[in-house]
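I've put the structures underneath this note.
Below are two complexes that have chain A in common, paired first with chain B and then with chain C.
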Partner chain A sequence: MKVTATKKREWLIAYTLILPAFLVYLIFRIYPVFYGFFLSLQDWDGFSAMRFIGFGNYREAFNDKIFLLSLGHNVIYAIFTVIGKNILGFILALFLTRKTIKLMPLWRTIFFIPVVVSTVAFGIIWSWLLNASFGLVNEMLRAIGLSVLARSWLSDPKVVLLTLIMVDIAKWTGYHTVIYIAGLQSLPSELFEAAYIDGARSFQVVRFITLPLLLPIIGINILTSLIGGFSVFDLVFILTGGGPLHASEVIMTRMYSVAFQFHRVGYGTAMTFIMFIVVFILSVIQLRLTQRRSYEF
Partner chain B sequence: MLRKVISVLLISMLSLSFALSGVYAQQRKIVEYGIVTGLDLLNTPGAKAWAKLFKDFETRYNVKIETHNFASETFVQEFMAARMGGEQIDVLLLNGQDLRFFATSGMLEPLKGKYNVSDINKRLVPFTKQVYTIGGTQWAVSVGGISSSGLYYNKTIFKKIGVTPPRVYKDYLVIRDKLRPLGIAPLTHMGQIIYMWPMWFFVTYGQLTKGKCVDLTTETLKGEMKFTDQSYVQAFRYIQQLAKDELFIPGVNTLNREAAIGTFMAGKAAMFFGGSWEIPGFRNNPPAGFDPGLVHTPKFEEDFPYIETGGAGNAAAIYKDSKNKDLALEFIRFLSSDENAKLLAEAERQVMTSNKNVPGSDDPLATIMRRHLPVTKVFLDWIWPPEVNKAFQINLQALVGLQTTPEDAAKYIQNVFDDLVKKGYKFIE
Partner chain C sequence: MNFRTKTFLFDVLSYVFLGFGAIVVVYPLVWMVEASFKQGAEFYVSPWGLPQRLVLENYRFAWQRGELLLGFFNSITVTCTSVVFICILAFLASYAFARMEFPGREIIYYSFLLSMIIPAQIQILPLFVILKNLNAINRLSGLIIAHTSGGIAFSIFLLRAFLSAIPKELEEAAYIEGCSRYKVLTTIILPLSKPGLSTVIIFQGMGVWNDFFTSLILANAPKVRTLPLRIYFFMTQYVIDWSYVFATLTIVALPVIVLYLILQTQFISGLTAGALKG
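Now for the complex of A and B:
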């Protein structure tokens, strides 16, 4: 096929327009990844000369009990937050797309507010709510006669990880809800009308029409929440710092300690690369699964 | 005229931030970076004094000061970024805790030869030079306030229950029993902030070792003792006993700084173990009826001595790659002068300054705190390597949370230290 001069000019303009953004992406996204990998192969305290140690940092990580514990916590964290955020987000989206609901913009805003609140502020608020001695959560439990459930949510190793998962879900469900709402609104209404005419019940409509059609959206939501679950740092850092005694330690908090408190930048970077590989593999699997089952309409 | 430019990298040190204001959390949130004069320091009681000091130096030496102001806990990565970004750095104002790392990493100019500071040392409290001398070389000059610790108590509550402040451990128990019907906790502490837990250890270990805690720490780090030795385990037992006897406010490990200070000032807890840096915070908008008193940290056993813990001011050092080392030294000299030390001392209500010619604050609490200085031992985490420090922090928190035993905590710390030694750690005295 012959490429016309007009086409060539269009391409040139297109690439020229893309170039600045591409350069920014290259410098601030791609280069740090490669430089990070380079750092992960070094023994470096951040100040002194680097010493190349090959995959020594990676070997150390797989023998580091605290790192492995943190990785395990990340897996649990990711599983529960992905499930929690997506189920709640989907249910909320169904509720918030019903035409019978009054004051819809207000409801949507209310559920989206936690997303726009800074994580630091959100974390601090929750640290007060969950405070064992004067926190609202325990006070409420006591008020309704469930004082047996009141506890030190953030310092009891048995519940601390679960508590963090709950707070994370509270923070990010609104974000996933918005994506589900967008997905639901893009679905063709004829299908639903036809289903209802054929006598389908609401549950059947959701199960056999909504969910299959929403698979690409579900895929996006799972992917973003999965990445969020593995890369969580701020909430954990603010609420527990990874404690007590590593009970809520996740890879990013461990990496922070190692790199910036113990001055082992190379080792800390290696930890993040291991996490990157884990997330990458899971993302590929998840994308393949959702792509295979996607429906077109 | 050629205007030289001196860049001063300012770090909001723990001690500095605490001493200055009691607005530590605010400092933690505001991490300024850039060539700005809008320092965190400008939001603190000493802010105006610092600003004046910089201005005076600029005028006197016809220079322009650029400040980069970071919170202590983010300092290392911020400094790393500044260094890699080629920012001009001439003077470092460090948390004393960071000095050892910076000195041993070759980031500082040794203060000897051309950069001899013997004239400055003459006006400083001798103990400060000792703290900032590592491997036989002085690396920094102490500026600002020297700190100590003690047990603050709420005089109104104590009057109400008719008791005197605790002197020994068993007094805590008597007070606890009298407070219980009132629903007031005996002690509060910022347990969520793990780096504050070692304060309890410093004092406890200091008492237990009859004041030899620094020497024994040095011996341990040289491998002549172990963290699993009886003295360490016993210190952990004492600290855990505080929790077992329900002396801490419920959920102590979930309290951040604001919550801990808040519970004390609001009368939800009767006592608070803390440093001299808390005094300005107690004086800043106290609630009605809040009248804090101060005594020595109670002794765990009758025959133990009173021991307190504190720091030797902030470390002012010359950055090794500074292009203006002479000017940097001049800035340090200027900063530590009698006149400027007085300016800062007054603004920050320092209990005692590193400059021996400058009297400390006349606040009644500061006057009491000054009496604690003769029995004050330097923070041991200024000596511990960061890995050991962190191990202490998390284990002390867990001990109080009753999630570990004294023996297991000691083993954990020793394992961390053994691992460090395996990787080549060597203590430099």
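Now for the complex of A and C:
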């Protein structure tokens, strides 16, 4: 096949258009990943000469009690936030797509607000709401006679992780709700009418029609919240800094202290790679489970 | 129980659920504004009541001590520059991917998508080292590089899909009329891609504006702190004077909320674009 001059010119224009984006992407987004893997094989404080130690950092991580504790916290964090955000988000979406509800645009606007507010602002506000002596949460519990439940939410090692999970759910449920709403609105309404005419109960309709049809959307929502649960940093760092005594330590906050307080850059990088591998494996399993079946309308 | 009573009961249940959720979401924000007007002592005596009189002094203090003017300057510089770079780079590349034929098109496109499965967290330490060697740590330029390079792939993904949906006939007609490629790009494609570009602007703009993690690691020196970092360090410093902290939060959070309320449709579709088009 002969390539004409005009065609060659066309190729040249195309490559020129892509080149700037590709260079920036290659140098500052892809190269750091490989360089990061290289760093994770070094014993390095960020200043003196690097020392190659093979997989020493990874071996150390799996014997490091604080790291394993952090990883465990991430697992708990991910499980509960995925369940919380998705169940609440789905129920909210069901309510928000009911045709009989008044002031619909207003409700939707309200529930998306936390997504827009920065995590720092959101976190600081909640750190006050959860304050042990002045916080609204405890005051409310006392007011309704449940003072036994009042706690130092952010400094009691027994509940601190659960508290963070709750705040995270409050921050992000609105995001998942919007995606569920879009999913619900894309379903053909004839199906539901047919089911109701056949005498199906609401619960049955949700269980046997809505949920299976929404499987791809559920998959996307679980995936995003799962990745969020493992890579969480901002909220934990702002509300507890990983404390008290590592009771809410997660991989990213641990990585931050290891790299910037103990100056162990290689070890910190290895931690993030372990996190990535865990997330990657879970994502693949999750995608297999939810995209097994697809439906055509 | 007939159908009508059942619907009514479901409606009641919906309102209770929605109402409770709305209070959890909105009340903290109302309270943030309320608390920002209180005097130091009043804040502790009645943290939950309405302020007795509006203490505007809090705002003056927060604005000066929090160095919010500098914060706004840094945040606006970083956000605008990064978003402009992302838009230009991604738009040009997306046009080539959507409209032109050339060898290696698919491979190059998928190599961009590759980064979407690699979380940004694993590149932060190597990027720190790279930028340190370039003398760009604790500089706005380093932060701009990080945000631009991080946002390109996803923006190309969004824009390519958007550009592919623009009918080809429009361009072909223009070419027949004798328009140059440059003219077609600027007078036909660019105006038609406005909704796509606005999605990219909102998604990346919000991401950069609210970013805490990347800024904390790459630029946390007092002079270059963006607003999220400024609020955080202000809080750790004035942890007892909560009225000041809430004045800071109000100054920083309120503009974003107001902007969202004005452009809510664009915000909602912009911020969920990735999940829905993926």
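In this text, the second predicted complex is superposed on the first by the 268 of 297 C-alpha atoms of A that agree within 3 Å, B and C clash if a C-alpha of one lies under 4 Å from a C-alpha of the other, contacts with A are read in each partner's own complex, and residues count from 1 in each chain.
What we mean here is this: a residue touches a chain if its C-beta (ideal position, glycine included) is under 8 Å from a C-beta of that chain, and two chains touch if they have at least 3 such contacts.
The shown structure was predicted, so the numbers you read here are calculated from the model rather than taken from an experiment.
Asks: In the superposition on chain A, see if there is space for chain B and chain C together, and answer fit or clash.
Replies: Pair status: clash.
Asks: Determine, under the contact definition given at the top, whether A:245 touches first (chain B), second (chain C), both, or neither.
Replies: first
Asks: Output check: A:154 vs chain B and chain C. Expected answer is one of first, second, both, neither. What do you get?
Replies: So A:154 only meets chain B here.
Asks: Taking the superposition as given, does A:48 touch the first partner, chain B, the second, chain C, both, or neither?
Replies: first
Asks: State whether A:263 touches chain B only (first), chain C only (second), both chains, or neither.
Replies: first
Asks: Between chain B and chain C, pick out the one touching the greater number of residues of chain A.
Replies: If we count touched residues of chain A for both partners, the winner is C.
Asks: Answer with first, second, both or neither: which of chain B and chain C does A:134 touch in the superposed model?
Replies: both
Asks: Looking at A:119, would you say it contacts chain B, chain C, both, or neither? Reply first, second, both or neither.
Replies: second
Asks: Report, in rising order, the residues of chain A that make contact with chain B in one complex and with chain C in the other.
Replies: Shared contact residues on chain A (touching chain B in one complex, chain C in the other): 46, 120, 124, 128, 134, 259-260, 265.
Asks: Which bits of chain C are touching chain A when the two form their complex?
Replies: The contact residues of chain C facing chain A are 7, 10-11, 14-15, 17-18, 21-22, 24-26, 28-29, 31-32, 35, 44, 47-48, 85, 89-90, 92-93, 95-97, 100-103, 105, 108, 112, 114-115, 117-119, 121-127, 129-130, 145-146, 148-150, 152-153, 156, 181, 206, 209-210, 212-213, 216-217, 227-228, 231-232, 235, 242, 245, 249, 252-253, 256-257, 260-261, 264, 267-268, 271-272, 275-276, 278.
Asks: Would you mind writing out the residues of chain B in touch with chain A in their complex?
Replies: 29, 74, 76-77, 80, 83, 101, 105-107, 185, 191-192, 194, 249-256, 259, 263, 268, 386-387, 390, 394-395, 397-398, 401, 403-404
Asks: Given the complex with chain B, which residues does chain A contribute to the contact?
Replies: 45-48, 120, 124, 127-128, 130-135, 152-157, 240-241, 243-247, 257, 259-263, 265
Asks: Which part of chain A faces chain C closely enough to touch in the complex?
Replies: For chain A paired with chain C, touching residues are 10-11, 13-15, 17-18, 20-22, 24-25, 27-33, 35-36, 39, 46, 91-92, 95-96, 98, 100-101, 107-121, 124-126, 128-129, 134, 136, 139, 170, 174-175, 178-179, 182, 202, 220-221, 224, 227, 231, 233-234, 237-238, 252, 255-256, 259-260, 265, 268-269, 272-273, 275-276, 279-280, 283.
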